[in-house]
Amino acid sequence: MSALLSVADITVRFGGVEAVSNVSFDVQDGELLGFIGPNGAGKTTMMRVITGLVTPTLGSVCLEDRDLGGLAVFRRVQRGLGLAQQIVRPFNSFSALDNVALAAGQRHTARPMRALFSFRRARERAKAHELLKLVGIDHVADAMPPSLPLGYRKRLELARALALGPRLLLLDEPLAGLNQTEATALADTIADLNQRGLAMILIEHNLSEVMRICPRLVVQDNGRKIGDGPAESVMSDPLVRSAYLGTGESG
Amino acid sequence: MGYEITLATSMCISVVFALSLNLITGFCGQISLGHAAFFGVGAYTAALSSQAGLAFPLDLLAAAAAAAVFGFIVGLSSLRVRHDFLAITTMGFGFLFLGVVRQQDWLGGEMGISAIPGSGLSKLGYLGFVAAVAVAVALFSAYLKRSWLGFSFAAIADDEDTARVVALDVARYKLLAFVLGTAIAGIAGGLYAHHVRFISPDSFGFVESIAVLSMVIVGGIGSVPGVVFAALVLTALPLWFQVIEDYKLLLYSALLFIMMQLCEDGIGGLMRRLMQGRRRTT
Amino acid sequence: MLYLELLIQGLVQGGIYTLIALGLTLVYGLLRILHVAHAALFTLGGYLGVILTNATGSLALAMVLTMLVTGVVGMGVYRVAYQPILDKPPYVALIASIALFIASEEIYRLVFGPYGLSYDAPPLQGVIDLFGSGMYLKQAELLVLAGTGAALIGLHLLSTRTRIGIAWRATVTDPEMAASFGIRTQRVRYLNFFIGSALAAAAGVMVALLNNLVEPTMGSVPSYKALAIIVLGGIGSIRGTLIASLALGVIESFGTIYLGSLLDRDAIAFAFLILVLMWRPQGLLGRT
């Protein structure tokens, strides 16, 4: 059975620096994969290769056996890649509900001419309420994002990504900036979503939460993959431990 | 009575022109400082084609098409440049249009084109036609704003990069905004040509681009009723009070400046805030 | 021979553009605002230059006073027009600037009349024979070239040798870091506007000399072109501005001769701009 996402031999070089060196890994359908590594490991670059913001020097990324190479970000999203960014960017002039409803309306917005002739939003609004409820912020559906605390905006980012009905969701440091309680709660929500069958890649620094909810981890350090397997065994790997202890981080 | 009809016709043409820019700048957030050029393309196309025998109102379609082609080209270039450069690029296209027209004899050069055929309607009849077009464009704008196209435009105006993350083909949307907006501007230009029966490059310069942009901004970027209101008032005011004529530009620019300092989302924004305030107190 | 003359004419025009565009670049580099109203200060310089020269009989004195006064007015423009709206979306500052510019043209027209002013006894009208070659350069044109050179050298020295100049460069590169080092951003901004406006005023005085005329709309065409120049020259790059200005001056000079049947002189600048931007959207020397 072939993998949902197949990252093969990705190398990224710019300005004389090799940010990512020959990294390969797969993500299976329905899997929750943790993607970790110390600061400066090239994790963000790797993620940008998958989303299409960075073109790799070598290698390929395939979603459901179709090569994503050369496709713009929006096309990859149309193909089934969802994205919840590290620095959350909601549409500040839309309410939380409208943020999610727009994403839910992908069939209307896929082509501009189609969008001109589509008018009704009731269905997408209902879907948006459902998703906001799922992530626990339906009570602020009509609020404007600038008035919401960071934790809520992170959940909004998640709900909006879900509304696109992705096959694979990339979560870039969703727990960053949250306190312990908020982080645990959001991690629980993420795990719950995965239980419902959504495949995800979770990039995170918060190792305790990652260990708790991710069955499998891929570890990157200095652009190279140094670990790939069940969470427990990866974290007990001496190579991985020294990469982290070297920077003072611990689980 | 004749003077009032002429004034009313000018006002309606301004409404169409302002709403066309509102689509590009108001709905989709692309600042255009050269919109008068598309108005000009429409006017020249209508003038020349009707002189060549194309009947009114078919020449308006030709005007719209010509303006839309030019608009597509400008739209394509808008995709390449970042937003503050976009303003200058559109301004550049405006000057380029003028520069070319001024040098071409078949376009009338500096002297312009005169003896443009009328519409075949009486003055009152023409007013009725123009008013109908204005109403149609206003209704279309209002519909567009509530449609999924308007929803997408608003997202792009808010944050282009995030719009891509929610699967919007931003490039195509911007192009569509330019094509629709410039086509309507072309129609306005054609209507203008048949109204004044004489056109010259002087009517389609940078100041005219700023004037129509003022209508959009004073009206409130994106607000259809606001822009309609602003277009009507800003056109009528100097023509009503002839004494203002000499100070017209100064007043326009002072008004714009003060609005930018105090309420940059225009009349539409003011209304919106007033209504939200009232809702909160009930 | 013709080519050399065209080249020199182009460089003179380019020098004027440089003096105007430098002020624009300085503001854009610092605040990311397209300071369209800058041209109003250029025109103000022209008017003050004529009035003060006529009043005092000395061009040199008039030049100094004009630059000082206009520099201060420029600082006032920042305080009144831009400082209050710095945190609003970028189109607000742009529209406010355009509005201010149009208002200024109208004010000049209403105050000084639509037909302009001239020098009573125009200075520097003599011509110099360039190296005895039979090619003539007006003294005023020489002043432009000398003035541009002096301005550039002055700016270079200022930004590399003086504390405030270094502070300015730091603020342009990284405002937050500069502020955390204790650099007073306000001071840098005022200096920015002072210098830019003073240079524009100098350009205004020189253009008035070249044409022996100051009139209300003399700022519009150079201002649009200066905008095109800073876009071409890249984000806030002084070197880029200089190259783009000189290039534009020379291209216009040759272009008017060879393309004159297709485009008028002012459109050439924008045709050039659009072509370059399609090729390099970040400008001639901007970084991607």
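Going in written order, the chains are labelled A, B and C, and every chain counts its residues from 1.
Just so it is clear, a contact is a pair of C-beta atoms (placed from the backbone, for glycine too) under 8 Å apart; a residue touches a chain by one contact, two chains touch by 3 or more.
Being a predicted model, the structure only gives us computed values, none of them experimental.
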Smallest count of steps, each to a touching chain, taking chain A to chain B: 1
Chain nearest the global centroid, as defined over all protein CA atoms shown: B
Maximum centroid distance from chain B, chain identifier (CA atoms): A
Gap in Å, rounded to a whole number, between the CA centres of chain B and chain A: 42
Chain A-chain C separation of Cα centroids, rounded to whole Å: 49
Whole-Å separation of chain centres (CA-atom averages), chain B against chain C: 31
Of chain B, residues touching chain C in the complex: 31, 33, 77, 80-85, 87-89, 91-93, 95-96, 98-100, 102-103, 206-207, 210, 213, 217, 247, 249-250, 252-254, 256-257, 260-261, 264
Sites on chain C touched by chain B in the complex: 32, 34, 81, 84-85, 88-96, 98-103, 105-107, 110, 220, 224, 227-228, 231, 260-264, 266-271, 273-274, 277-278, 281-283
Residues of chain B defined as touching chain A within the complex: 143-144, 146-149, 151-152, 154-155, 157-159, 161-170, 172-173, 176
Chain A to chain B touching residues, read off their complex: 72-75, 77-78, 83, 85, 89-94, 98, 102-103, 105-106, 108-119, 121, 160, 164
